[in-house]
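Note that the chains are named A, B, C and D in the order they appear, and that numbering of residues resets to 1 at the start of each chain.
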């Protein structure tokens, strides 16, 4: 943690910073330069809380070199494989999670579950609790939705994944689902992160709408720090000025997260673009860039979907997607 | 809600859209143009859910003209004044909420409470539950922090404002505080918004890190829709590419929100910039642009603050701030 | 162009808007709704300049439905193939443009030219005029650089591509190069766009650092409107809040631009991420998403590069890239 | 310039970095820590080009502590006052530049010039060369526009300010105008920056649409480095995801630029918001935050403006603006 002093910092200011470092139990090592003095901190084994130093007189900048995350860090660890039934996130075979945005109706969900299974999906998605911008929009079927999903699991044999929106319902959702999803809007909901960290089911954590990669990994750190290491990250687009797509899918996050963390990361091309006609090309790109899986919205009849119709694939398009990504996966040494 | 058809849309596609509109109970009115046909929807009294139509063949775009928010809308309403003790948010006298980022210690909090009161603050702030990016950072004193704040209220006579982070603690926090704060990271936490909408205390709602003004107002709509109309909005900076400040304070949001909504809106210059040396000029600008109040971080000794030291004002600087904004307030026909 | 009136607009305000529309030579068609009146404009064959109407009393919003670009629009046109020697941008075979950021030295450039040709590159890149953030950074060899590039073309048989920075040097650069590049920082330099539209060489137009897709296409429209239809678009990342990469590569722009425009679009993974270790995965993703080619920075010894060393591939890594994208291209029905 | 090595960097990698530093003429000083080694560079008097080092094996990060700008830096300099006729940018009296977006017509411009002078403007603005997103939009009257502006100067006695778009016309524009403006879209047009740095007239440099403060100051550095120190900076909004305003005015840039640089900085509230109804409150805020002046669009009849009508003030509103900012200026110890 080098501390850079202003070029007019006085000797007593340098000394004062040194005293604070010593009070923290470390050793200051001033490095006088021609323009300014830099003070290195020796003896720290982990990140030092520098806020005290940042505001001292004469200090220009405190530079952090130790990464802020520990448990999610790749340093000294093998890539994690999160297993859910026959799915292995982080393995050679890419899981594909598919289904409608929301569970709307028992018959329709059971039908789409069979359809996506037929097409090659390896896990089912569906929302029972829906975070909606408007309080007047469809908010999900709640526990009834969970029951329908559980029934679909029995019929298809595929595990299920669904979102939890608050600490109150973690236990309930956890009873039904195989994977608990934390949506983008809750990535900074630290109480919820801690709670899902305390239960046993694997967690699918979506990147926040404007979260940096560092913050995304720190959100995962919250879950791991409570004891649950089965976290699957999910890139789903970030907010930019571009108006043609709902979000801008940040595929460069995939290789970078693979370098920084041992956790697997999958891609959601449906929420990223908000346009069904971009979903297939983005799914191909996601597999090509090295994603560990996909989560895709599919609906029998997007025109009648209660939510997210414009970004849902029809079943025949989902078949096309599966065919496309099988070829791409092979090109990068993986399988679908 | 005009529906714009593609320029190669067939007559049967236009007819199909018309049929859907009729099925919704409205009347379609096709307007053939030279390049393309636009279909207007007649008879709707509120926003129509257009997702079915957006995905129909031949449809280029559906255009929404009715604003999505109802209860928070300015249309047909007088500006709301939220009263908290002697404070009137939305009135001519500007409330100034001041205090440290977090309640760290009883004696220190009681002391700073007296200091900011002396300087002219009209409400106390302080965090008992702290949303922190890192699970290893100080997370707040919890209920003990609330007790200390309540004691400060008794001693100073100033009402208090503190953040709630999850649905589990809404009741507890609500018992102690005068104003419940929803932090920026929880602006999309719809379960929490509904819960604070059900209790009686006024709510201070901060704009999300990358929330549009529309989404911000829709978050307020969640609270109002549960019956609590005492909502104070708070602009606290949005996330951009600029690196010199933590966030970019969006002061143009103030006059726009005043035009769109009847709710009062205050400004938090401390979190916006993340730099104490920007707080005073931004506070002046906030009052000049028409803000209905301020919330400012003040700490006896920012070097020793557990969090947000770099953006906290020392007491003497806070005095300067109060002097400055008194003059500005007068220039815009208000008082501090 | 529907014009949406405020819900309290008076009849005389509606009439006034109608009068302006008539004065423009079109026919107004008011559509009274329950909440508000919408006025449609009939008879316009192209985009109407609505700024007069936007400021009229009672007008809430003017909605534009005709796309602002004409010549670059896909409507009614086949995809354009831009041919440069043996390269066909927009064809089944994907051109790969490779070389160092800047031409630094004759011998070194001739050597890297042979190396990238050997590895499969089909065109050479290199900067003779360099746009640098700092006036103290290396600004390029100027005409000497162009001469070296021309020599490399003779030796390798590969066409060359280089950037022009101002109207003064368009003619000179145009004499030497096969493709003239407009850099991201000059995408809004309308004088330069017009000038390169008047000369005959194909133009490689990079997307501006924060340009929307619409603005990007309008910049191309400037070039086409001067008579030069041989424009190759290039996505190179946009500016966001993310700090791990220099820019965020927007791969969803590729399918969207293919839908909106007939022009070919290639991808620059080197400038997008600014990190050599992201270049190969992003190149794979670019081909998978449907890009019409790539432009990649390669340097014998990135440690000694005068500029952009951190994002340059070493020759052996470039070989890996070519092998990878050959497989991906095949999976999407194209060849490298 | 501390160089942080990876925590598994070998001794020979540390030695190799040291050798490169020595080859540059400086002295390496390794600082072994518990987790990793940091190497400090001693003996450099200015910023070192670190790109060679960044790509070396074992290097995690190179940290730059010397600010990249020299001539524009505040360090060791008094604030600059740029004088243009009776205007002093950076002085106690705030210049207000006013006029229409574009010079459209001789009579109309002469009229508005008198109107804004009457209201208190101290300089005239008007575009003769207009950078427009569409090639089909009004591009300005060219030299005729300059002549009309010069005539207005004679009649009113107010100096004039107008934009130059390319190197070809710098000399011509410089002959007519008192201040040469570089528009936001040309902030990265380094050839143009150098050219205006070589002529004698003061330069008004607008911040680029997505330029960081650092890049903005480096653009000014280009002008100063050619010998022209009379540069007036102008904040005019940056591009964000917010859709209610054209740009987000970044008022926190004002105090930060005052801290980093000796150059004066003014604010353009008209282009920032793109909405006339936000211009007055933002102008007040700009003066309150410490801006050194304003540039505002005023038009007799915004409904008929060839460009930017929606953001232009009518003369009576401009009068209101002047009254408002007079009061605010007084509150911050300045005058209008």
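Keep this in mind: a residue touches a chain if its C-beta (ideal position, glycine included) is under 8 Å from a C-beta of that chain, and two chains touch if they have at least 3 such contacts.
Keep in mind that what you see is a predicted model, and the values were worked out from it rather than measured.
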Check: Common contacts of chain C and chain D?
Finding: A, B
Next item on the list: Compute the centre of every chain as the mean of its C-alpha atoms, then state which one is farthest from the centre of chain C.
Entry: B
Next item on the list: By the contact definition above, name the pair with the higher C-beta contact count: A-C or B-C.
Entry: A-C
Next item on the list: State, to the nearest whole Å, the distance from the C-alpha centre of chain B to the C-alpha centre of chain C.
Entry: 38
Next item on the list: Let me have the rounded angstrom distance from the C-alpha centre of chain A over to the C-alpha centre of chain C, please.
Entry: 31
Item checked: For chain C, residues that touch 2 or more chains besides their own -> 210, 239-241, 243
Notebook entry, point to check: Which part of chain C faces chain D closely enough to touch in the complex?
Noted result: 20, 49, 51-56, 68, 70, 131-137, 165-168, 185-186, 188-192, 194, 208-210, 215, 218, 221-222, 225, 239, 276, 302-310, 312
Notebook entry, point to check: Where on chain C is chain B touching in the complex?
Noted result: 2, 4, 7, 29, 31, 33-36, 38, 40, 42-45, 60-61, 63, 65-66, 75, 210, 239-241, 243
Next item on the list: Name, in rising order, each residue of chain A that touches chain C in their complex.
Entry: 210, 212-214, 238, 240-245, 248-256, 259, 272-273, 275, 277-278, 281-282, 284-290, 324, 327-328, 330-332
